[in-house]
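To start, the structure itself, in structure tokens.
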Amino acid sequence: MERPILDFLYLVSIVFFIVGLRGLSHPESARRGNLLAAAGMILAIIITLFYPFGNTPNNYGWIAGGILVGTVIGSVAAIKVKMTKMPEMVSIFNGFGGACTMLIAITEFRTLPPGTELLSGQVFTVIFSVFIGSVAFSGSLVAYGKLDGFLRDSIRLPFPQIVNGVLLLVIIFFGGYIMMMDELNYTIVLILLGLSIIYGITFVMPIGGGDMPVVISLLNSFTGIGAAAAGLIYGNQVMIVGGILVGASGTFLTILMCEAMNRSLINVIIGGLGATTFTGGDDKDKVVKEASHGDTAILLKYSQKVLIVPGYGLAVAQAQHACHELESMLEKEGVQVRYGIHPVAGRMPGHMNVLLAEADVPYDKLLEMEEANKELPTTDVVLVIGANDVVNPAAKTDTGSPIYGMPIIDVEMAKNVIIMKRSMRTGYAGIDNPLFYGDKTKMLFGDAKDSLNKLKSEISNA
Amino acid sequence: MERPILDFLYLVSIVFFIVGLRGLSHPESARRGNLLAAAGMILAIIITLFYPFGNTPNNYGWIAGGILVGTVIGSVAAIKVKMTKMPEMVSIFNGFGGACTMLIAITEFRTLPPGTELLSGQVFTVIFSVFIGSVAFSGSLVAYGKLDGFLRDSIRLPFPQIVNGVLLLVIIFFGGYIMMMDELNYTIVLILLGLSIIYGITFVMPIGGGDMPVVISLLNSFTGIGAAAAGLIYGNQVMIVGGILVGASGTFLTILMCEAMNRSLINVIIGGLGATTFTGGDDKDKVVKEASHGDTAILLKYSQKVLIVPGYGLAVAQAQHACHELESMLEKEGVQVRYGIHPVAGRMPGHMNVLLAEADVPYDKLLEMEEANKELPTTDVVLVIGANDVVNPAAKTDTGSPIYGMPIIDVEMAKNVIIMKRSMRTGYAGIDNPLFYGDKTKMLFGDAKDSLNKLKSEISNA
Amino acid sequence: MEIIIQFITENIVMLYILVLAIYLGMEVISKVPTVLHTPLMSGANAVSGVVIIGAIWLIRNAEPDNYFVLIIGFFGIALASINVVGGFAVTNRMLEMFKKKKKK
Amino acid sequence: MEIIIQFITENIVMLYILVLAIYLGMEVISKVPTVLHTPLMSGANAVSGVVIIGAIWLIRNAEPDNYFVLIIGFFGIALASINVVGGFAVTNRMLEMFKKKKKK
Amino acid sequence: MQIGILKETNDQRVSIVPETVQKLIDENNVVMIEEGAGEESFYSDDLYGEAGGRIVKRKDIFDKSEVLISIKPVEDDEISKMKKSAVYITSFQPFLNDKILPVLGDAGITAMSLDMIPRISIAQSMDVLSSMASISGYKAVLLAGTHLPRYFPMLTTAAGSIPPSKILILGAGVAGLQAIATARRLGAMVEAFDTRLAAREEVQSLGAKFVEVEGARDDKAAGGYAVEQTEEYKNKQKELIAEHIAKSDVVITTALLRGKRAPVLITKEMVHRMRPGSVIVDLAAIAGGNCEYTQKDKIVKEKNVTIIGISELSSTVPMHASQLYSKNILNYLKVFIREGQLALDFDKEIISSSCIVHEGVIKYKS
Amino acid sequence: MQIGILKETNDQRVSIVPETVQKLIDENNVVMIEEGAGEESFYSDDLYGEAGGRIVKRKDIFDKSEVLISIKPVEDDEISKMKKSAVYITSFQPFLNDKILPVLGDAGITAMSLDMIPRISIAQSMDVLSSMASISGYKAVLLAGTHLPRYFPMLTTAAGSIPPSKILILGAGVAGLQAIATARRLGAMVEAFDTRLAAREEVQSLGAKFVEVEGARDDKAAGGYAVEQTEEYKNKQKELIAEHIAKSDVVITTALLRGKRAPVLITKEMVHRMRPGSVIVDLAAIAGGNCEYTQKDKIVKEKNVTIIGISELSSTVPMHASQLYSKNILNYLKVFIREGQLALDFDKEIISSSCIVHEGVIKYKS
């Protein structure tokens, strides 16, 4: 086919990318968005395969081989990986993308014809591609290692900020030096490559646990920028625009992620460099997982069956109206929502009844403890709002506990447990609650009313 | 300055346009967005004034004169125009933009060097500019005339769909014909211009009252496309991108406006062509103005003082909780919200008290009728929720009315009145309510609970 | 067909810009609340006055004695200026109601 | 300075595309709910595998006996394919939970 | 004018409270209050004195007043003690007791009957029936609650769950609606029934359930066989209500038919079918009662069901009842007393309907 | 085991309801019920019969039962009629009445006192104090409402506006909290006070206002002069409460001190300062009352203030009170009766605290 047509089709695949990414940012359209982006990619690859360069050798065999190998590995990995290991996967995939950029750039540098004007956009682009691809590559691998746990979080460099700063300066000067040289020097670029790889490692290494996703997102945007830079080498629009799209949205997403954690990007990186945010926990079994309002909202919205277990905290927060609103919103989304009322929830007999009646929750939505426990195994999400003792499994197991023997609402039987309270403080009985550290449990900290209101707006936006 | 720099500065002004338009779509940033876009425009104009074309005559005197005249007229008109006449203004401004495109295009056609390849992109661009500029011009003037009332809505063409269809075909063929000709023919383009102007008139003429804003928005996007086309003539990026931005966002906005009216764009235009949607009202005083949820939400959110007047409809809809929620949301936005309780609102003594107490509205937010009436002159918005008789001014004025003499909450003293009810039906007393046709009144039809919930989400999004 | 291919060849980069700009134009105004429909329309209208640049271009390149072009250009500039100046000013007036700051 | 001006001159259209694409990249993902952060990241990551096109380009233009380039290209394609295929597949899996339709 | 406030003989309320006395005096009237008139409603003579009223003996009121006010009519022999031209305002209930008309005529006075004020919009502020019925409805629920051996609300406690009590309100007029609201507030499960068409929506507007034969509306939509179906429908409805009565813990009845004996809604047999401990509050007791077992002004127990026939419950909330009553009368007086002068305008519907005897001439037509 | 349910002599409740009888029988017990034991709480002998209980004479219960249950202790002379090895379960209140201990010892029986069950989490399901207090709190509000000459809720009507009544709850324990909830439901403006630290939050968790000296927390934060300030603070607090009492339409007091006379919270002088028509419900009447005018089990009027001293209000809601009581006892029995066999394990806190006499040996230490 003729070039202009193919160029035009490239444009179509770009549109696919754009619409796909856009779709990915809304729950209803996310799946479709992903498929669209994938379709765009397939289109772009096909176009490239048949793009008329003139009389090129093509080497389709090699291409087919590479694609085959990559496809098999990629799809097997994607299918086999456990849901909990997804971030690791994303990280390593990203590293491969970066590696590809790196390989291309280094090869292109090597094939630059002798006598090329070194102080040119072209050379700069190549060098930049080498750098960014390498950093994305090695950084992602480190991130993968840290997430997977085989790289210990505790490996530290001395003065990481300084090491990193110096390294970066060295790389920049080195790059400038290459461009100022009289002649192409391939070896020296290999050194740059090495330095970049090292920089990728030292950049990611000091950043700890909870900040990992932010770093992966940042590295992802690096890969995007790398792809765009590689695209500049070839003057290929789809690479440029596609890469820039990922670079821009990746950066923006990184910032959004930081915001969701109430941190600034600088803070994450510098903090990472300074290793101040990292607080190693040796008490490995007692990990508290925090939920975000957004996650919880989606979790609730896409459930079939939700049980709300209210406790004294609901009353303290005077969140009964907000709670009923949330319930109505979910019901409108087709979620079945009911309340599990523990006999001693609150501080007086019938405390929960008074509250919920005030908010006009219909009586038939209230389940007594026994009924609630029967429903739990088929319940998708339990929302524990300001309750503590009444869902404390220590009552079943810990003979030494002052509440031992008290029947509880056994929320751990459900698939997910979200606990809304302000802190890790204990309830009336003054005892710790092992539920908070449970596998299925996530804590949503904050005043119950505030949290419920946030959930409501998240649900209506999601 | 050197061209590349100026080209780059053009890019800056485009970014200003983009950021400006983006800002204009959010209430908080709308003013800033407008100013940004204006700044972008000034930048673009300055660049153009000094853009080095080589040794051109420049004719700065003429330019200065034109700008001066336009600025004076434009600013005086903008300052003098009454708030209620804004749409007319926008329409006529838009027409001027179209006219400019038209003038440029026709001049450029005239200055095409003899022997120009007629079947070319260049000529097509010029012809298209002539067409779209003329349509935007004459269409906008007609829209202005209709809005202003000096063009009677009732002027009708026979079979407008057919006339328009035929006219459009003629223009297309005519354009094709010009491009197929052997030589440039200036006169024939003037005929095309004439036809286009006529088409603009016949296109807009049959579209009636409520659909006018949609048409103006559509014409606005035409002007944008015209500007882009004119930009193509000169290969000027800022015109192209700026024009396309307006064209695209204008089209999209047109669709959004149609959606907000629950109509499709086709329906508006065809309906307009068929003149089916136009229902002339001779009873000019009795015009009911409908409010949208979005408008009402913004109105409420940006008020200082709001009074809610609940009535029996609030009870029927069981909307007390939603109402309280809305009130809390507004209070959080810094709006002072109170309730005006009429002694006989509802169907039993204290009906409103029961409802509002259930929703936990604090007692001190409730004003009795007399207090409420005292507050009204300084109240920005009165939200009448399902009340009717208790706000019926006929009780004051119409001696024949069965409620004559009953004290009412005199909501017309406030600056804006929004009435939420399902229809134009009467209340308990079975009498019509002149308030609904009042100058300050807008009706928000629908079940009170639904409407309140919609308002809530609009407010949280706005 | 050929002419189209030729057109694409000549203008492929333009097409990219066009498509991106169109998408961007739609994207930036997505989710505009209804109450902003009119101000947005008005603001966009003012931006469409960018055609004034064409008129300036025209006049700057016109021979000083080519009164036809000069006069047409003059009117073009004047009309477009009205569009620009009046447009932004009117929009600004419409937006006056959004002035109020939020207190928390 | 000169080199920059030269660069701008050469690449002005590219710059336009770049700026528009950057803005568009940010715009399309504005307002993404937190729960979609990870899938979006993963999807964007898959798109960044577009670098595979460069690798194909490279290999198609390589001499059939230039094994250095061929092998590098082969690895490049393989790695990028993993990124693309695995990326989209993983994203799809992540999004499985959003499958449920809403009943009203 | 000289306005006299009489002490009630068998009622805890008082027709005018001190606050209103002040207002009347502001309008150039002289107000005399019988000694101890407000005692039982906690308005002491001192308060009246402070408001500017003169505390006088009952006899003085009859002797001097141009306008006399009481809640319940005084004994017939006292009527004759009034001045010939006097205006006497109270609730005569002429439709129940037309023997009073000649007495009033003979006394030559003008008799204004508050219960004859038409129930039109502008007269709402004078409508003592509404304000008193509202109190009765409220109090009926409290009374039922104190006599019920059960909780109203649902309570889930360590000692097991208490289901909410079921309350059925028959007759959703002013009293019925207020009863619904109060019972709902206390957390009971509330159902109601009324024969008026609008009642269904009104009941639902308070969040309660309306007792209705399933598919009733379908029947209506069918049209055509209107009368026949209506009969069938009515029977179904009756049966349904009987069932609901049997299942209810509390039934509050308020069905009145103006000028007639109250309809019997709860038969003896229905009472027998009720659960032990149930309570019936019959606000129609004054007009014969909606329940066959009702005894006026008594609380009786039948087959373990408590039937409360205290019909004038408003009198048991004397402070606020008097306050509302007083405001109603004030608004009423404004219609025909201006600047201390009587101005009876018989063109006004309010006057023409409520003035049952004018200067000895009987105006009331039954 | 042979379980005997005694009829109360001066109480409308019954200790075991038919539903529980069934459950006891399921656990291999024989249950005897005194004739008419459930009459006043609307559980007829028939119902007990249907549940599998044997209706017997009082004498038979004493003669045959291995376990006897009542709500209030029987007279001393009847205790001696019990079998030597019998277990008698009731509320002895040994901290108020230690004279009963030798009587129980002499009878050689095992006496389990329900009010001595420790208030620990697992014992909540046996806590009769809580379940009864909860009912009292609820009923206190209804009672106040019936005696109050005012409306509780705010009402805006055509006859003017009724402001909401102000209710003050002193002592926010189980009864107090329930009273707060009930009063709030009825639309009153509710304030409360308690000396317990946690009470503030608990009161607010029901949407009511806690009466507090302004700046109290600042004082606390200051630290150092803790004791001195506390004294000053207490005085301020007292004054403040006196003021609030004067402004309240209803005061409900529930302050009890275990084993002591109830603290006096409302002095005579404070009563005099209250508005006419106000109502005090003193739930501490049984322990001498929180108000100086309180007379146990009587309703008195002092200076136009009604003071209700009916302390065992739970007895006036006999159906549900009995049901909760019964469930409490069932849960309690489960601790020491398994498969129809007695198994008193004194290692258990519940047993060691609540068994005040074991086979004639007095275990109670005051």
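In this document, chain identifiers A, B, C, D, E and F correspond to the written order of the chains, with residue numbering beginning at 1 in each.
Here is the rule we go by: a residue touches a chain if its C-beta (ideal position, glycine included) is under 8 Å from a C-beta of that chain, and two chains touch if they have at least 3 such contacts.
In this text the structure is predicted, and so the values were computed from the model without any measurement.
On the document's contact criterion, could you list the chains that touch chain A and likewise touch chain C?
The shared contacts of chain A and chain C, listed by label, come to B, D.
Where the centre means the average of the CA atoms, what chain is farthest from chain F?
So the chain farthest away from chain F turns out to be C.
Chain E-chain F contact: same residues or different, taking over half shared as same?
Same-residue interface.
Compute the centre of every chain as the mean of its C-alpha atoms, then state which one is farthest from the centre of chain A.
Using the mean of the C-alpha atoms as each chain's centre, the farthest one from chain A is E.
Sort out for me whether B-D or A-D is joined by the greater number of C-beta contact pairs.
Result: the pair with more contacts is A-D.
For chain E versus chain F, what separation do you get between their C-alpha means, in angstrom?
38
Using CA atom averages as chain centres, what separation in Å is found between chain C and chain E?
Their C-alpha centroids are separated by 72 Å.
Where the CA atoms of chain B average out and where those of chain F average out, how many Å apart are those spots?
Taking the mean C-alpha position of each chain, the two centres sit 68 Å apart.
Hunt down the residues of chain D that sit against at least two other chains at once, touch-wise.
13-14, 16-17, 20-21, 23-24, 27-28, 31
Counting only residues that touch at least 2 other chains, which ones in chain E make the list?
124-125, 130-131, 134, 153, 155, 157-160, 162, 185, 187, 207
Which chain A residues reach two or more other chains?
Residues 18, 22, 237, 241, 343-344, 349-350, 354, 357-358, 360, 461 of chain A each touch two or more of the other chains.
What chain-chain pairs meet the touch criterion?
Pairs of chains that touch one another: A-B, A-C, A-D, A-E, A-F, B-C, B-D, B-E, B-F, C-D, E-F.
Which stretch or stretches of chain C touch chain D in the complex?
13-14, 16-17, 20-21, 23-24, 27-28, 31
Applying the document's contact rule, which stretches of chain B touch chain E when the two form their complex?
Residues 312, 315-316, 318, 343-344, 346-351, 354, 357-358, 389, 402-406, 428-429.
Would you mind writing out the residues of chain A in touch with chain E in their complex?
Touch residues, chain A against chain E: 341-345, 349-350, 352-354, 357, 360, 363, 366, 368.
So in the complex, the part of chain E that touches chain A is made up of which residues?
Answer in residue numbers: 153-162, 164, 187, 189, 207.
Show me the residue ranges of chain A that touch chain C in the complex, using the header's touch definition.
2-5, 7-8, 11, 14-15, 18, 22, 237, 241
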